[in-house]
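The structures considered in this document are given below.
Here chain A shows up in two complexes: once beside chain B, once beside chain C.
After this line comes the complex of A and B, so read on.
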């Protein structure tokens, strides 16, 4: 049973190109939405055009009579009398022979609505005299006020002559996941009464469970395939109402496959989102720059039912604090987990306040941050590993990041002017943290075949973590083979249990059982080969495609495997302690360099530096690309994204990819990624990297903008409107 | 999208006949119409494809005698014209900032001029003058991308064509073909401010098409300057196109047309007046920029367009005389 990673790995930690990269780049890879099984019908959803309404009647008869229509069903338990609570709330579904017929049939469903008063924005929900759309469960006037969390005596902390205080408001809007491949699946019933689905999911196991549960059939009668998938970010953990409804349509249509994927507008409205964050913050420090207290009133909306929590205070040592958070409910789609849930919001509020206070203190914000890290920040691993102190890690990472962005030479106090140009330069930074460990509950099967082929198999999936390549690296390392010699089969719910891809857990959860499986398989091979080589099993080793006896190459890999005769070696590996962190607990920091045109409010990114620790890195290339992806997601939050709701009609005004703005290639600056991977970090074992690098980008950009123009832009994103409005309010022209 | 009949005529005359008498829509690059059809904002019974009509595509002429630009000329073809780039930079620049390379390969000059407003209330099916319970939804709602001029009326969208501004500044005319024959009008006269719910913002009838645009001989200096949020493809927030007739360094007459501020391409007469008789320099251009917003009445969310319009007009004027000071920082 391996309890540690190879001390001098040949492949682990190097830059290995993804095994499925070429197939994805060329379009050869078939995504779930590409699957068109024989006889497939096209599904379509009818969703509410109203923000809030009661369905008075629902009539499918006209739709059912249209050519090509095979099945029409209500969504979930929708019936006459049901409420719909946001534009995009599901009402009914159709399966038809062509997509056009399905869409025609959706329009032929007759729904009578009693349109009810709505609240579409946080402002509207909280306004005096607003309709009380949401009640009960501690909700009063559409708001569920949270308990105040108090540490120390914050009110007393602000007394005293040497206290420097800022009081400010900050906000960030709701943003949506914008998965390039929308939510959905293609599903069929086999003649034997089993379900087979091709789902765009980040969790094949739970998706199969949901389908089995919905139809009360054994889980062994459900197979969910996800060979590759086009983005989830936390929003795709199950079959969802769309998948279950598609399976019902298929059943009604005699088992024919039904393809049900959301269109872009529906995806924005109903596919999940990151809640907004609205904060009023008072933050104080001594004149010497030591934090003394924080008082924060925060709120946000997670839509018509979900919460909006985010961590605050964040990262830093705040001796006394009080924080009250309220969930505002609006007639909008519900929040779902989105890449480091809560942290990007908490980070931008905390880091904006830190920067504003540093400016008021006349301190370099970098020095101010380091001064206010916790004296020690011990992170419990969860296994037998020693705890890790994150504070020195932050110190090291900030030092590295500062060097890479050129802080020492380039940073100037807020609002500095370089000649008469309207193009102002700014630097900003922010710190973040995340978990990223993985539970020890998964399995990987490793099979060595007599022809020398090696298969790694498990019911996890690749949400972007490079799972296939990770397993191949581990197997190739142990077996002395090339990464391309290994076949990784994933994305099938019937394989040995694998990790759902959430919380940056996939690689830390799956690498230990992978190492365990391939090590056990190797040892069994050694036992079987030893007699033929007239050696003891413990004298055997593997390197460069050869079997070695006491370090001397004796037999090629394939020849050795041929000795197995007809019987492959097949073992299932489980997790073992020490190979990965269970709870994670990573630090990290980012720096942004921007220009701001103060005459037009246009912000352009020049450079982002991301410094990240995540324990032991299996594939450096995949790791770096995940950090790029996180930074790009974060810069979209910083500069572009915003769900815009209309107060009058209650609908989303930009459910597209045009006025819902996202970076294009020319909006992406130079991104410098640095892996903080010291021996102490490697000793923590594997930790996931999906989420931490997206946390602090928007915060760092906001701080860089403030540094450039001399005034805080309190509302994200850093759009020309928000920048020009902030400049105008500085001049008293708000 | 609803099912429709598809016609692909080979002449403009046949196209106009195909458009007449039924609920028909002309199709060029499709970058506007197809989106509207998918969103059920427009559901024509017949779609008449104009892009195979080679007689109304292509750029001809020169700076001395003026240009003729066929309506079905793609933006990519327009941008590849040397004379456009060298002598009509206001037009070239505006076209170069439209969409992506893919969009430029599909979109046409005529389609750009005749596209429908991008107002999100219009695109959500509420019409050009969206009202609910007697209130204007734009005025009550999110109007960050809407007009700051003519805001006393009910039409608060902004005219969507970013080629209209330079073409109007350059004094171009549009030739229109309809069932009753051909007529030529200033490009500015293609647009009107709708007053009633069923008014169009285009003056041409549904059974008429623009066949070509004629641009007078190039004299003086011209330029466009666009401000937009993204560096990659994005709609301009505000863009200004200027055409200056110069006597030495002094402006004899000026055209200043602003995109993104009104339901029609907006002629900033006060800016034209401010710069006339002056040499274009940082001071006079800034004064003209300030003048450009005279009479503006922003809505609840778009006050930022006031400073933005000032800057954009100033920069277009300075760009025309080769001063691109904002690129030095």
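After this line comes the complex of A and C, so read on.
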């Protein structure tokens, strides 16, 4: 079994374009929402228009009589008497011959609601005299107070004479995933009583499992296909109530396939979101700038049933700390995992406090940060690999990033003013961390066919990180072929078990079994070929489409494969130690340069620098794309994104894509990406990069804005309103 | 009592104005009485009735004459996707804000999610599926510059770029930004998109 990656790779680490790029760029790739099996019906969901209500009665009779309608069903266990707990909570579903008919039928379902009092915002949920909508399970007045986590004696830490302290509140709102392809699937019952589904999912295996479980049929009777999918960001790990209901509709309609995808508003309301974060922080340091303690009271809402945890303290060495976190429950859709869950929130709270304290100390925030890194920050790599110390990595990365943004020349203390222009200029930075390792539990099948074709096959899927290309690079490297010679078949739940695409784990989890599979297949080929070449198997090697004997080309790849006769070589590879970091544990830092118009509150980004380590990089091109993508996700959190709930009606005011703001091309600044890929990092093996670069961007932008305008904008995003409010409060006009 | 001698504040700043009006109004609420009157209006609505019939639609899509039965209310996007199996254009926001449904009609860049199919009869509809897939085409440039990740917005971006280059074969970076400003990508592939558009412009000239 290989325990190391090739020492002098020809393809690994180079810039390889995506194997499925042309299919995607020409519109030919068929997404689950594009699938249209013979006889397909169109599904639609009815969801609650109220934030909180009891369903008094539910009448499908008018809907069922409409032309084209084939099935109407309640969602899940909904019946008269059921509660709906947020706008967007599922009530019923329809399948009809055309989509227009399905939507008509949804409108014709009669529901009588008893509208109940709601709490739609964190403030409303905690207000004196608020209706106690959420009870039980340790919830008091809509709040579940967590236990305090204390390290050392934080109260004592603040007592010294030379302690400089800041006390401040920071917050980030609930944001939603906004997957461009909504949640959903196309599903059918076969005449044999089996389920076949085309699902927009990050996890074909668990989706098949959920469908099998819902109908109590063996998982061997379920096939889930996900050739491509239109974004998940942590919110798409199963069939969900929509997929299960669609399968029920298909069953009721005699097995006709049903396509069920959420509309955009429903997607915002019910398709998952990132919890808010509200923090009141006391942070102290000695006059010399050494952190001594932190006391934090934090809270957040994950909606009507999910938690809102985030890490704090974050990254830095805080000798004494206490932290209490409360989950606030509101009549909103439930949170789901979203890109490095918790880290962007923990990062912006910690990094804002660090910056504010540096300002109070009169220190350069960069120097203050470096002074407060942990003396050592050992990260367990797992397997047989040694642990890695993240602290020197941070030092190197900050130095590189500072150089790339021009910190030394451009950074000036907070609120500096150059002349009378209302356009103020600022620089900010932030550090982050993430896991990104991959568990050793997956398999890849490699088949070498007698015609020379090579297939890599596994039940993982491509969420956009280029999984097909990763497998092909690894196979081509080992077999001395071109990447385009390899076929990667993924996105099918019946293939050998593959990794769900969450936590930046796909590439690190799947690369080792891929290398293992193709190496075993090659060795078997060598054993079979050796007699025909009058050589020992160990004398054979592969390069440039040729089989070599003791380094001399003897036979073309296809001719060699033809010697297999009728029998392909097929090997299932497993993970082996040392090829990927099991736990990951990456560092990373980002710098932002902004201008702020203090008359309008408009923040413009000028430049972002991202320095990122992620072990051994398989494809430099798609790696960079992921880092750019992470930064752009982060700048959305920094400048634009916010779910706005109306306290009076309890509904979401911006469940769309014009008032729910996302960056367009004109909002994208110059972005400089630097891969921190030293020999020591490469030796860690493969680590995923999807999430780390999205963690610290919003924090760095917030710090740059404070640097520009001389006052902390305590609420994300850095929208004109939040910026103007902060400026007004500085002038005593709040 | 108000200080009558206090001078009125002269020249309210843009900042104060903005804080007091437009931007803050994004969080405007529907007040209680308004909700009640809306409910009343709703109660007065007659029973829901469907008045629908189909018409035969003839469309020229990607050089082919296609025909299907649709209700007159069908959008071009839903007609392409649900009835004609032309699924390059995607339905994402469904209200003309994200550009994933972009097609070209008689040379104009159009959001097909807010265009009625019956209004497109007799016009030339081009979708991403019809574009040059060779080395001088826009799709090739997107692949080379990795201007895509999950790929769901990509057909819209490719179409917007193609349409831009048809009108302006020598765009500046700023013109490319403006040309694709009607499109949104959630994965964050803008850097690759901008590079791809400029590269495609270059490749087309060399062709």
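One rule holds in what follows: the second predicted complex is superposed on the first by the 734 of 734 C-alpha atoms of A that agree within 3 Å, B and C clash if a C-alpha of one lies under 4 Å from a C-alpha of the other, contacts with A are read in each partner's own complex, and residues count from 1 in each chain.
Heads up, the rule we're going with is that a contact is a pair of C-beta atoms (placed from the backbone, for glycine too) under 8 Å apart; a residue touches a chain by one contact, two chains touch by 3 or more.
Keep in mind that what you see is a predicted model, and the values were worked out from it rather than measured.
Touch criterion met: A:725 reaches chain B and chain C at once. Within the superposed three-chain model, A:418 lies in touch with chain B and out of touch with chain C [touch as defined at top].
Judged by the touch definition given at the top, the superposed model places A:630 against chain C, while chain B stays out of reach. Of the two partner chains placed by superposition, only chain C is touched by A:231; chain B is not. Legend: residue contacts after superposition of the two complexes on their common chain; A:649 is shown touching both chain B and chain C. After overlaying the two complexes on the shared chain, residue contacts for A:532 are found with neither chain B nor chain C. Shared-chain residue A:640: touches chain B; no touch with chain C.
More chain A residues lie in contact with C than with the other chain of the pair chain B and chain C.
Of the two partner chains placed around the shared chain by superposition, chain B and chain C are both touched by A:599. Within the superposed three-chain model, A:103 lies in touch with chain B and out of touch with chain C [touch as defined at top]. On chain A, the surface patch touched by chain B in one complex and by chain C in the other comprises residues 100, 104, 599-601, 644, 646-649, 653-654, 658-659, 663-666, 719-721, 724-725, 727-728. Contact residues of chain C toward chain A in the complex are 13-16, 18-19, 23-24, 26-32, 35, 48, 50, 52, 71, 73-74, 78, 81-82, 85, 87-95, 97-98, 100, 127-129, 131, 133, 138-140, 142-144, 146-155, 158, 176-178, 180-194. Within the complex, the chain B residues that touch chain A are 1-3, 100, 118, 120-121, 124, 126, 132, 135, 137, 140-142, 144-145, 227-235, 237, 301-304, 307-308, 311-312, 314-315, 325-326, 328-329. Every residue of chain A that touches chain C in the complex is listed here, in rising order: 17-18, 20-22, 24-31, 33-34, 36, 42, 62, 66-67, 98-101, 104, 107-108, 178-181, 228-231, 233, 263-264, 463-466, 598-601, 621-622, 624-626, 628-633, 636, 644, 646-649, 653-654, 656-659, 662-666, 668, 671, 719-721, 724-725, 727-728, 733.
Within the complex, the chain A residues that touch chain B are 100, 103-104, 418-419, 421-425, 595, 597, 599-602, 604, 639-640, 644-649, 651, 653-654, 658-659, 661, 663-667, 719-721, 724-725, 727-728.
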